[in-house]
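Next, two complexes with chain A in common: one pairs it with chain B, the other with chain C.
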Partner chain A sequence: MGQSVATWRRWAWLTGLLVIPLIILAVLVYLTGDISWIQRASSALILMIIVVGLHTFSGNSGVISFASVAFAMIAAYTSALLTIPVEQKPSLFPDLPFFLEWLASFSVPVPLGILMAVAFTGLIAFIVGIPLVRLSGLAAGIGTLAFLVVVTVIVTKWKAVTRGESTMVGVPKETTLWWAVVGIAIAIAIAALYQMTRRGRRLIASREDDKAAMSIGISIPIERLWGWTLGCAIAGLGGALYGHYIATFSATTFGFALTFFTVAMLVIGGLGSLTGAVVGVLVVQILAEFLRTIETQGLGPIPMLEFPGITEMVLALIMLLVLILRPAGITGGREITTWFRRRKSAPAARGAST
Partner chain B sequence: MMDRSSRAETLTTDGVCVYFEGVKAVDDISLSVQRNRIHGLIGPNGAGKSTLFNAVSGFVPLTAGRVSLGDADISGWSPTRISQHGVVRTFQDTRIFKALTVLENVELGAMDAGLHGNVGRAASLQVLELLRIDHLADEIAGNVALGDGRRVGIARAVATQPDFLMMDEPAAGLDEKETSELADSIKEIRDERQCGVLLVEHDMSVIFKICEEIHVMDSGRTIAVGTPDEIRTNAAVIEAYFGSGHS
Partner chain C sequence: MYLQYIIDSIGTGSLYALMTLGLALVFSVMGLMNFAYGQLVMIGGFAMILLRSQPWWVLILGTVVAVVIVSLLMERLAFRPVRTATAMTMLITSFALAQLLQQAARVAFGANPRPLEQFSELSVQYTVGDLYISRMTLITVTTTLVSVVVLALLLKRTNIGVQLRASTEDVEMSKLVGIRSNRVIASAFVISGVLAAIVAMLFFSTRTNVSWSSGESIVLIAFVGAVIGGLGSMVGAALGGFLMGFTYTMLNALLPVELRVFADAILYTLVIVVLLIRPAGIIAAKGVRV
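On to the complex of A and B.
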């Protein structure tokens, strides 16, 4: 691609600075041997993949999307349909429509199923993206939310293929903590590469100033479509891994609650930077664990009191406060690498800009 | 990105009109910019210069008339397509990408010329040198002073390798020294890049210093066209600028 050495170096730095601490964290959790902690870490890392996917589109384009969980759902169901053992398929899916009957005749290994699910998700994202990326602001929010509703309805009602409101069962449970680590490393590496190279940078330019972007020949719909497709495919990776992690799931697993969580994580961490996506997931996940403890066991000295629903309420409140007080989130929309760079060259007071 | 092997020699408007709800912001303007020449577009506030400028660059739809690049009719094209074909504008309020570095801003321009990676970086550094802001390459663009910000905006446009560079009041808000240096830079850009320049400017010192042809507008219409010497002594221009009491 002819990327400059400096670009590759910055890519390696950003990827390393984000991935290495996560690996260390995963190893530490693993060493505790505590199953419940390992489970929490695994699901947090998988969730992080979805949030990185959300960031890849929304963070770089500045256009909100509520659809990333819908793509995670598409990927989870796709990978499930591909990987459920062939002998179980006739009893689980007795009424497959004629054009999908071929699905019952084979099954693929889980890694291949995940890859195929990601590719399929990317294809769907590309197709629905053609009209969707033309929307901005409120319209984009409503449009992507509508897509989530459509996918949810299809999954809930298309019994022959998705088992409808019954849970998907028989899905190979293969995702481990290490799979999650590999998944998030891939997601971060790809997302970092994208935003540092030409396509991503043009999308960021359109976020910064749409008119200026057009004035230097940037086609905003085309750049958004690239970012959207890539972001949704990354969310699909998270969704497929999640499916093979929990093994039994239904449409409600990937519903509004998860959408709210992922958006809250990105907003709190900082819309506009990959670091924000990673930090947001960690902060919200730790906070949510703490709140859930209160929810079920009460608060230390007052164990009699329980606060059902406090997790969502407090998260919503924090998101609101962040939006009002620090719209760029905890990270201020900056990458971890710029923090290091700024410390190296002590910034002098500069002239006021326009 | 686009095939620019045959560079257009002229950028022309034929009877261009832009009306906003009955207000004739631009009314029947015909002007022609040649490559390798610097054309000034002047007029009092509200004369319609900016609207014409926006119409030519595709940001405002034409009510009537035609904009041509060489033989091609580019009326109604999107701003993206117009800039991809070599007509590139700057903005009075710079509209530089504030969160990116100065060099990254210019590299984004170079991408429009199909220059990426190392090649794009080298080309961008050359443009920064041409505009004498290469020392700011790694600064965050939002942190540079107004005068430098204007130069970043111009550098970004120059990096696209335009055939026609349209500048919207590049000297607005600059002091005398900055203004004079900017005028020199515009001339250097034209000389080195061999592009045509359409310059909207309030500051007459810039216009008379570097323009080879000047187009004067008032209330949406053309009131004079000519060389700087002709315009300086044109009665209609003096009237428009200073009112009858001063002439």
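On to the complex of A and C.
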């Protein structure tokens, strides 16, 4: 790949510093043996994959995208269609259109299904990315939001293939905590590598100053298309894993609510850094679980609060406070490695690791 | 037959145009896409439920006052602190605020939609030849036209309107000539609130219930309409909203039945196409960076 030894060392540091604490956390949760905690940790890690995918595009390019959940949805449905056991397919999908009839004749093991789903998602992302990455600012926000609506409508209404508003059932439930750990490790490793290689640096350069980037010959649409395709494929990995984790899902599982949460987690963590994506998910998820516990069973001296929606309400309030008090997010858009470097009192090279 | 579709589409289009205006006004003054705008309409709907048994003028006045108060609080508590932050942070702030208001409504009014007793006097139908025009369509179109004219007069002829437009052109410069931006922005939120209340009354009069999630679809329409119409331009925003509503109703009427369920997908694909051809909107205001 032609990367220098120093780049690889930086990559190893960033990946290690982010992944190892997550592995330790997962092991600790596993050791408690509490099923509900293991479930919460698994879904938080899977969600983190989607947010890392979002960061790979939005964080590095500075262009907002509301479409990552749409790609997670595409991947979840693709992997489901590929892995549902052959004998169940005729009853679940009796009216497949002629050009998709071949789907009913086979099924693949789950890991292969996930890989194929990620590849397919990447392909779709590449195709729709060609026009979409030309948009910036609010137009990009609207364009990607419109894409999310289009995907949602197709998934909800194309009954023959997606079972429409009825939930997808019969999906093999194979994602475990360890699958989620492997998934997030892969996602972080790839995202970290991308933003340290030449392609990623060019995209970051276009975020920092588009005119300067263009003046040194960077083609912004091409760099954005790379980041977009990679980011959407990573979101697809999260989506496919999620599908095999909850096993029954519908279009509402991947709706505006999830989109809001993923974007909010990224911004709260700190837009522009991979560390921000990881920290944002951890903080928001821990907070959400804490609140949900209070809502459903009370916690210590705090009585149970039986109002549907109180968790989401308090969560939104806290997000609002974070945004008002710390608009650049918890990490301020810096990577975890910069803190370590600063401690060694070396010149703090901010640009070198963001 | 087609004329009938066009009449219905004009009705929806006018309502959508009104929806986008309130959003576009705030955007043009402070560069904020206020995602919580739809929740103002939702709050207006709940105000209508609470005031349903009152005389009509109390209902109208009460709804407007309630929505304007929430709109002002929004500006003061949430948006003023992030005014200097990036556009992305402001957008997410409004997202969080929308979520907060929505969930608060869910806690306060319950998860199930609340029934809203119909206004029977509004469902009268007039026949002209073989065309049907409901009184509601007439009211919607008239209200939209009146609101647009009043808004235009307000912006052109009044002191605060001139200050608003000056801030839209150049915030820094307008501050230098002594315009108090806090007051100007607050007044934009007041006008935006009044528009949201009007939208709420027109929108929910044709519905049978109000739910905590009612605001979501409205803000999506307004948001998209404002951007494709042309940000920073009031005429553009109204046009964008109108086109959204008009196209949507026409698609629903003209598409073959089996494709009708995909009307939304087609509409939003068209939106992407419009954005690609004119990223700054159909009527782009000068100097607006999108």
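Here, the second predicted complex is superposed on the first by the 326 of 354 C-alpha atoms of A that agree within 3 Å, B and C clash if a C-alpha of one lies under 4 Å from a C-alpha of the other, contacts with A are read in each partner's own complex, and residues count from 1 in each chain.
Keep this in mind: a contact is a pair of C-beta atoms (placed from the backbone, for glycine too) under 8 Å apart; a residue touches a chain by one contact, two chains touch by 3 or more.
Everything numeric here is computed off the predicted structure, so don't read it as measured data.
Set against each other, chain B and chain C touch different numbers of residues in chain A, with C touching more.
Of the two partner chains, chain B is the only one touched by A:201; chain C is not. Using the contact criterion defined above for the overlaid structures, shared-chain residue A:267 touches chain C, although it does not reach chain B. Contacts of A:127 after superposition: neither chain B nor chain C is touched. Judged by the touch definition given at the top, the superposed model places A:160 against neither chain B nor chain C. Within the superposed three-chain model, A:24 lies out of touch with both chain B and chain C [touch as defined at top]. Once chain A of one complex is fitted onto chain A of the other, the partner contacts of A:333 are limited to chain B, with no touch recorded for chain C. Contact with chain B, but none with chain C, is seen for A:215 once the two complexes are overlaid on the shared chain.
Chain C makes touch with chain A in their complex at residues 33, 78, 81-82, 85-89, 91-93, 95-97, 99-100, 103-104, 106-107, 110-111, 212, 216, 220, 223-224, 227-228, 231, 261-262, 264-265, 268-269, 271-272, 275-276, 279-280, 289-290. Contact residues on chain B toward chain A in their complex (touch as defined above): 1, 57-59, 78-80, 83-84, 88-91, 93-100, 104, 107-109, 111-112, 116-119, 121, 142-146, 149, 153, 156-157, 160.
Per the touch definition, chain A reaches chain B in the complex via residues 1-7, 198, 201-202, 204-205, 208-209, 211-220, 272, 333, 350-354. Contacts from chain A toward chain C in the complex involve residues 62, 64, 131-132, 134-139, 141-143, 145-147, 149-150, 153-154, 157, 256, 260, 263-264, 267, 271, 307-310, 312-313, 315-317, 319-320, 323-324, 327-328.
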